[in-house]
Amino acid sequence: MSWTRRTFLKNSSLAAGALAAPAVWLPTARESWGATLSEGEPIKIGLLFSLTGGLAVPEEDSTLVMQYAIDEINTAGGIAGHPIEPVIVDAKSDFSVYTEKARELILRDKVISIFGCYTSASRKAILPTIMDRDNLLFYPTCYEGAECTQNTVCTGPLANQHSRDLIPFMVENFGKRVFFVGSDYVWPKESNKNAKIWLENAGGELLGEEYVPLGSSEFGPVLAKIRAAKPDFIFSTVVGASDIAFHRQFKQEGFSADDMPIASLTTGEIETKAMGAENGAGHFLSAPYFQGLENETNQKFVEKFLSSPYGKNGVTHYNMEETYTSAYVFKNALEKVIAERGIEEVTPTAIRNACAGIKVGADISPEGEIWVDENNFNTWLVPKIGQCQADGSFKIVKQADAHVEPDPYSIYPDVGTCTAEGLLAPDGTLRTDVI
Amino acid sequence: MANALILGISIASIFLVAAIGLTIIYGTAGVINMAHGEFIMLGAYATYAMQTYFGLPYFLCIPCAFVIVGAIGFVIEKLLIQYLYHRPLDTLLATWGVSLVLIQGTRLTFGSDPKYIQMPGFLSSNIELGGVSLAAFRIFVILAALALIALVWFVFYKTDFGIKVRAVTQNREMAAAFGINSKQVYSFTFAFGAGLAGVAGALFGVLNIVLPTMGTGYVVQAFLIVVTGGGALMGSAIASIATGEMQSIFAMLLNDSFARFLIFILIVVFLRFRPQGLISAGGSRR
Amino acid sequence: MLDNPYHNKTLQWLAYAAVFLLIGIVPLLTDDDFLLNQLATYGVYGLLAVSISLCWGSGGILNLGQGIAFGLGAYGMAMTMQMQSQAPGTIPPFMANNALETLPIFWEPFWNTGLGIALALLVPTLFYLIFGGLMFVARVSGPFFAIMTLAILSALATVFVALQPYTNGVNGISPPTGLVIAGTKIDPYSSTAYWLVFALLLICTFTAKLLTQSRFGLVVRALKDDPERVRFLGYNVAVYETLVYALSGLMAAAAGASFAVLTQYVSPAQFEVGFSISAVIWAAIGGRGSLLWAMLGAFTVQGAQSYAGDAFLNTWILILGFSFILVVRFLPGGFAGLAELLLGRLASLRGGRREEFGQAPAKGAAK
């Protein structure tokens, strides 16, 4: 509806400079930088995703689904009568642009919250700015945890939730011997540390752990090691383009999903479409959401989204769904703040604090009811395991009995626990802004 | 170990296929073509388009990729590169601009979502011989690399065009005195090199993912091979085999990241002592 | 006088002074936090472009890996800032997550802010001295040297990603607070930060300018045109090449260190090929032959990226690519070449006589 694309003139630095010029000759004391809302004004939020460059593949969808959610909220009357106005920027898949745009959104556009980022690196790039200016980041995707800031709300699964059911399921159904393959960066290594714990509990045996450089498309050496180790299944945290190459070469090298399935944390509907369904069929994915989830909310969501102009890519993906629910976490939290304190008192910090325990009900959330943890502001959700079918869609084969608690420091009990006020070390010291 | 050596040959063949077009363009015309990776990308998209829109079988798409990307290369040479032959460093900069345009142009045409190229079923099997195993597709790429070497050798040493190319490479003025149109020779050489990159794209599109940015990873690697090889065909072949084997063996013994790092360093050390590369393409290129 | 005013030394210094005066007064005109921070970042990019112009425009050494010094400098500064935010005896949180129990030995010096900043500048410079020395003594030059810098750049990127326990890998280092010097925190959005970058840019550019006009600079410029002849004249070419390369490395390191102060973040993305080539693009579009124009090139391209990039969302990269092609094809001297040509024409018109040098230097710069 009323979202604005930046225009050159509106944001021209020359214009800004000229306006400010007569007023000041001496640097004045800085006024409070906290963004606020006021009666009769739209609620401004920033959408900080990459629309061009390599990261545009997942992040363009994130922007589209956010626009869809905003339209939906606005059509239903906005948040306490106020429409949402997204400020959409392009981070160009470049971390220094993420930083620059985050600053522009906070300092110039004075947005009340930012929805953005897919990779942890981009999140780490903008967090210092967000913390410095007490803004709020809704980070709508899975990540490794081990972070405790007072400025983030995450709606994707943490490493401790993501593979908790997947590993025992695979061990039970396919055997104890497993081989870990991942892209060479932080998230796969952290996920594998969690997976090792589940594996040990399930009585499995780790035969090898290999990492390939991000973006690499050569899986020859890794597959040769796998051939020699003869595992019962593979646990994969290979991401992006490499993931496609891995699945294709897996089949080309004569491996089959029936004998040695790949259990992945990221190979969803978009990936199987790109690799060709025959290369994905038979493998497993753990995610809180699948396009094929059979509940009324999801069926409505898929139908409505795909027929809207934002659904042009023809798929709903776990990452998109996590982004979609983050908009409703924001809406519910903001409604609570407005009801309690009035719109003039809304600040990013107030929204963040209100997110504690906020629920998005099964009537809205396509993955089923979720809620935000009161201490670490990650999300309680139900991880599900799907198996890729011959047509590239996923069939749910297992679903956790109850919601799983997010715990960013589950494997680092010595470091501490994340509380709403900061990271509480075992010796009782509290540290804020731990990134 | 036997597996690692065989796999090394396979990796070498991939390196060589990626580098062969650049070898021609750099070795003959002295153009530092930073858009080489994008020519590879265009080859993959050409294959995708032929397969999806015209229903051509995969094997027929490969020569199509050669022709399409060769034609694009020809146009780029006529519009831009031909004015820059006396400024090799500027070819590097201008072709970087070309690569930006090609990436974004492709994204605007085909969209930014990954594309999928279907491969004949019989290529996705694994062949085992006495404890050594290799995927059929890898064997296909090795054969393709050999075929491309043979093709380039044939074109350069057995055809009229090849004689002209070699004459122009050795001495442009003298060749002109014999009535060789060096401008035309350069145009066709550039187009030939671009076409070979297109073939590489047709092959890699199956191993990998087809995206507008898929080419960016190839260009540095291909350059290191060409420079190590010295700009000559055989030089590139030897450099590919050396780096491919090292990549495979180091990756088996240690890990992939370390293998890459070691190869970069070894190349720098090698070029420190032999800046002209393994086999100098010779001639008065500049 | 009928000489092209572009080549008049006094006028050149005046132009430098005028541009820097203009940049220097910005914080007096505005207190827009974002604008100051953004312009300061452009200043850092400008410094990087000056460093490229120094070794490429003056010395003829095209360096596609200037991100080496920039990245190392940025890491050094980010490590310093990270340690400033640490309580004594603790290790950065990411290390604890990577199973380290004590601070790695090479992190120890960064407890000391002065030492940390010195290392941020000296390590890359030393690296350039050694690498440059090895290469130039072996008479590696031109495109070969450019490709070698690419190889080193890629190797460094691989190492920084692979050494995750020590560098936090791909996620990079984001110090939670700004740099503190002598008890004062430098707010990256303040005029203080702006003026720091400004002073650095001023010092580096003027030093480089003085240098190119010195005897040393003359030899360096002669190298660009014909290294063989310089060698026959008895100069040790490798020494001159190494020195100018290392000096440009020092400037790039300073740029990198300031970048870390301004953005509070550094990651292996700084070692990406694309970033280093962007720096070359800035210098080429502005004019590699002129330090000042190279700097303005960085301002222009980055400014356009920030403001036009979103307006022309999908076509922006096309525009950038095409304008780069056009500059290389028709304006090898960049904006500087254009200014030189126009000023030459103007002078000859005024003198009523045909100026003959109008185009010649542009060709020289095209080398």
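A few remarks follow.
Letters A, B and C mark the chains as written, and numbering starts fresh at 1 in each.
We take it that a contact is a pair of C-beta atoms (placed from the backbone, for glycine too) under 8 Å apart; a residue touches a chain by one contact, two chains touch by 3 or more.
Not measured: the values here are computed from a predicted model.
Taking each chain's centre as the mean of its CA atoms, A is the chain most distant from subunit C. The greatest number of inter-chain C-beta pairs in contact is found between A-C.
Rounded to whole angstrom units, the spacing between the C-alpha centres of subunit A and subunit B is 38.
Averaged Cα coordinates give subunit B a centre that lies 32 Å from the centre of subunit C. In subunit B, the residues that touch at least two other chains are 104, 107, 257, 260. Residue positions of subunit A touching 2 or more other chains: 52, 184, 213.
Each of residues 158, 161-162, 314, 317 in subunit C touches at least two other chains.
The part of subunit A that touches subunit C in the complex is made up of residues 5-8, 11-13, 16-17, 20-21, 24-28, 30, 33, 51-52, 89-90, 92, 94-97, 99-100, 103-104, 107-108, 119-121, 124-125, 127-129, 131-132, 146, 184-186, 189-190, 213-214, 412, 414-415, 433-435. Interface residues of subunit C, counted against subunit A in their complex, comprise 26-35, 37-39, 41, 93-94, 96-98, 158, 161-162, 164, 168-172, 174-178, 188-191, 259, 263-265, 267, 269, 303, 305-311, 313-314, 316-317.
Residues 52-54, 56-57, 60, 184, 210-213, 215-218, 220-222, 224-225, 227, 241, 244-245, 248-249, 251-255, 270, 273-276, 313 of subunit A are the ones that touch subunit B when the two sit in their complex. Contact residues on subunit B toward subunit A in their complex (touch as defined above): 3-4, 7, 10-11, 14, 104, 107, 112-116, 118-119, 123-126, 133, 135-138, 204, 206-211, 213-214, 217, 247-248, 251-252, 255-257, 260. The touching residues of subunit C, counted against subunit B in their complex, run 62, 64, 134-135, 138-140, 142-144, 146-148, 150-152, 154-155, 158-159, 161-162, 273-274, 277, 280-281, 284, 314-315, 317-318, 320-325, 328-329, 332, 366-367.
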